[in-house]
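Let me begin by handing over the structure; questions about it come next.
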Amino acid sequence: MPSGSEPRRSAPALRPILRLAAIAVGAALILSFPAIAGNPYMVTVGIGILNYAVLATAWNFVGGFTGYISLGHGALSGLGAYATALLVTVAGLPSFAALLVAAALVAALAIPIGAAALRVRGASFVIVSIALVLILVLVFQSWESLTGGSRGLVVPRPFPALHRAEHHRVFFFLFAGLLALALAAWWLIDRSRFGLGLKAIREDEDKSEALGIPTFTYKLVVFVVSAALTALGGGLYALWFGDLDPVFQFSVLNGSTVVLMALLGGVRHLFGPMLGALVVGAGLEYAKLEYGDTPLHLVATGLVLGVVVMVMPDGVIPALSSLVRRLFGPREASIREVTAAELLEGRRRAPPPPPEPAPPRDDAAEVSR
Amino acid sequence: MVSGALVFQSLVLGVLLGGLYALLAAGLTLYFGVMRVVMIAHSAFLILAAYLAWYFHRETGLDPLLSLPITVPLFFACGVAIQRLLLARLRPATRTMMSVLLTFSIALVIEGALGTVFTGTQRRLQLPYSGASLELFGARVAVVKLAAFAMAAAAMLALYLVMTRTRFGHALRATIQHPEAAQLVGIQTARVAGYGFGLGLATAAIGGTALALDSTIYPSLHWRWIGPLMAIIVVGGLGSVVGTAIAAMVLGMAMSLLQIPLGTTWAQTVFYLALFATLAVRPQGFFGGRLAKRF
Amino acid sequence: MSASPAASPAPTARLEAVGLTRSFGGVTALSDATVRFHPGKVNAVIGPNGSGKTTLFNCITGMIKPDAGRVTYRGHDITGQAPHRIARAGIGRSFQLCRVFPRMTVLDNLLVAVCPRGLEAQLASSRGRDDIDRARGWLARMGIDHLETTEARNLSWGQQKLLELAGVLMADPETILLDEPAGGVNPALIGRIGTLVRELNAEGKTFVIVEHNMDMVMTICDHIVVFDRGRPIAEGPPAVIRSDPSVLEAYLGA
């Protein structure tokens, strides 16, 4: 019985135009946000959400395409942040050069990490990803001479001349640009043969290998791309925020919040993680204002994550769109009604072959199935 | 040069530590064996049990071990409920991944609840024998560590007897090894899976109480435990309780010995190193035998 | 890797397993098994359950490594190579419990089988005109082209079998291993699959089929290998096998 992936009845030529228009409107809204926002605090909230959106989209290269759930991407963003910071403070590189070099370093590091982690699947992979974050917290907290340990590491601002509000404005646009880069890369892979292969890995890894897809290489490549983008997000955050603390940077909680955002928004959609970041980010900000920094926000995060996993594992977008379709779409009968004409048409295209003459059954009878 | 007495002391402590780890990790590997579920909330339940033991002692003044008749059945029921009401409802195709997120969310809720009810202040059980220690073959061993080890040993023995001598235990092992075959011989795998989970959380109740005897507890403590415990079950072989016990002893002793040159913090890395080494060299674990699964 | 349909059967598509041995715990699935399949023909591997047939397939396609022995294809040793390498070398394979990509559409299931080579091909659109036309061709040949946009999980078992077969063919292999293509399928469809195999064989493809359905085997196969307890016990054309007493004994266990 055909599923909801049937082409819609609406005019097919209109859809790409509508989609482009929606994207243009969205982009315009985002770019004009600092002007609309009114005060620098709101701009920082916007930056926080954009940062989450970058991390969630970057995570979604692995989670969305291959189906491997990594709870360890916090490790990669943390490494990006610290690498950027150390390249500026210790190696003396200019800020944005440090950012790019840091991302390249993390991407290079992601090759052996990915090679080890991706050899296993399912539960073991998740365990490895969590272990990665936990061990990095341990290392970075203990290695005080290098990282300042629990006292934190201060990163000099890239534009010391700018005053606060301007600094936030500039970084808002930088983050928006990074998000655009991440979205473009995701879109490119999504429509490509590489992306289709990754999605096949998600559906049935052994079967895709039997069809000729070099599954390990594919997974590793997308993991490195994901790591690079995540590291860029972490590094840009370091340049903007200016102060790094290992417990916050290498946080399984942060990493999982990012996963929640991607899941909530929908991992199979380009804008899913971004929308999830918007919803959850705004929610977190609101909760922080209402409840202060109490443990209640943990309870809230946990409950929302639990509900999403149980009720809408595909994310809000598919859940909403099926709801919308049910309320506003053309009335579909529960059993697909096939008219006589359609049945005839179907039969004409694939005529049932004439039945084979029944052979003597004796020698086949004793063959056990 | 390091003195022989110090090494011996570390070895003894390592054995005691390993025994405790074995109990703490046993439940974790059970959940995996029964349902291919990575129960991240297990360590959160450990901390919850520790808080309950501390709270019981604070309110009643009685020894926290006396709280076990309450907490063990409570946790057992919780485990059955979680398995039947939540985990069993996940789509089989993505169950392993989704269970990680689901149990992670449970862990968050527990941590948040503990923080809200008990605040973030660090707590510690003050028992009459908290500071006492014994001479054991020339090593000074804290009584609470011995008590924790004794609890762990007793619980592991009980677990072993249940799994090998009772009908339920046989059904559980059958379900772990091959759920379809178990169903074919008439085992109610759904119900057995639920009880298996309950058993896992029951061990958490005992383990958490043992942990409370000698640890300072705070709501986010579970993050310190989940890494090493997961490492233990992978090294031991996912799904195998025996493998977990052996891995726990080995890693517990290793960590204790490494504390001499490296200090506590860096010694903890031995768990992660063992984890990565296992996944690189022999992903199905070293000690699990045929019961151990790959993932 | 694409063999043009009009070419004569490639005599060098020689698939051989020599001395394969594989145990799982205490169970010996393959015991010093040596099989030389006839290229350009429809080969069959038959035998009682547990005789090692699927393990043989798994060893050939690289899904498991044999404990001992070699697999060679076109003269090259392919033992223990990664499955995707073997697939790209020209050996395609279907599974005993039909495997398709459940949440992808029928068309996408086939488009996955395009084997892109090189960075540019990898990043090119998965919906290229040529690929889609080729996929539609196979779907039409299987008679399921009207299901193009249906998700594979919504197909009937028989339709999924056809889809799996179409996917394997889309990758354009020279040699095709089919693991119980008639399993759980109605007689009319079995006939259709059998006809298809003979047609494709005439177009140059070599087949190795594991099957329990004796009618199908005897009708469409040129060369039959009988397995029992991990090794071949007889081989030959259908007429010879049909009357071989050791074969009857293996099946009846007399």
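The first chain written gets the first letter, and so on, giving A, B and C; residue counts start at 1 in each chain.
In the analysis below, contacts are C-beta pairs under 8 Å (C-beta built on N, C-alpha and C of every residue); 3 or more make two chains touch, one makes a residue touch a chain.
Computed from a predicted structure; not experimentally measured.
Enquirer: I'd like the most central chain, judged by C-alpha centroids against the all-protein C-alpha centroid.
Expert: It is chain A that sits nearest the middle.
Enquirer: Compare the CA centroid of subunit A with every other chain's and tell me the farthest one.
Expert: Between subunit A and every other chain, the largest centroid distance is to C.
Enquirer: Just the number, please: Cα centre separation of subunit B and subunit C in whole Å.
Expert: That pair's centroid distance is 47 Å.
Enquirer: Averaging only over C-alpha atoms, locate the centres of subunit A and subunit B and give their separation in whole Å.
Expert: Whole-Å distance between the two chain centres: 32.
Enquirer: I'd like the Å distance between the centres of subunit A and subunit C, where a centre is the mean of that chain's Cα atoms.
Expert: Between these chains, centre-to-centre, one finds 37 Å.
Enquirer: Hunt down the residues of subunit C that sit against at least two other chains at once, touch-wise.
Expert: Answer for subunit C, listing residues that touch two or more other chains: 102.
Enquirer: Subunit B: which residues touch two or more other chains?
Expert: none
Enquirer: Residues of subunit C touching subunit A in their complex?
Expert: Subunit C residues touching subunit A: 48-49, 61, 63, 82-85, 87-88, 92-93, 95, 99-105, 108, 111-116, 121-127, 143-147, 149-151, 153-154, 167-168, 171, 187-188, 190-192, 195, 212-215, 242, 251-252.
Enquirer: Show me the residue ranges of subunit B that touch subunit A in the complex, using the header's touch definition.
Expert: 32, 36-38, 40, 86, 89-91, 94, 96-98, 100-102, 104-109, 111-116, 120, 219, 223, 226-227, 230-231, 234, 238, 265-266, 268-269, 272, 275-276, 279-280, 283, 294-295
Enquirer: Provide the residue numbers of subunit A that touch subunit C in the complex, in ascending order.
Expert: So the residues of subunit A touching subunit C come out as 1-3, 5-7, 188-189, 191-197, 199-200, 203-204, 206-216, 346, 349-350, 352-353, 355-356, 359, 363-364, 366-369.
Enquirer: Going by the contact rule set out above, which residues of subunit A touch subunit B in the complex?
Expert: The touching residues are 67-69, 71, 116-117, 119-128, 130-131, 134-135, 138-139, 141-142, 252-253, 256, 259-260, 263, 294-306, 309-310, 313.
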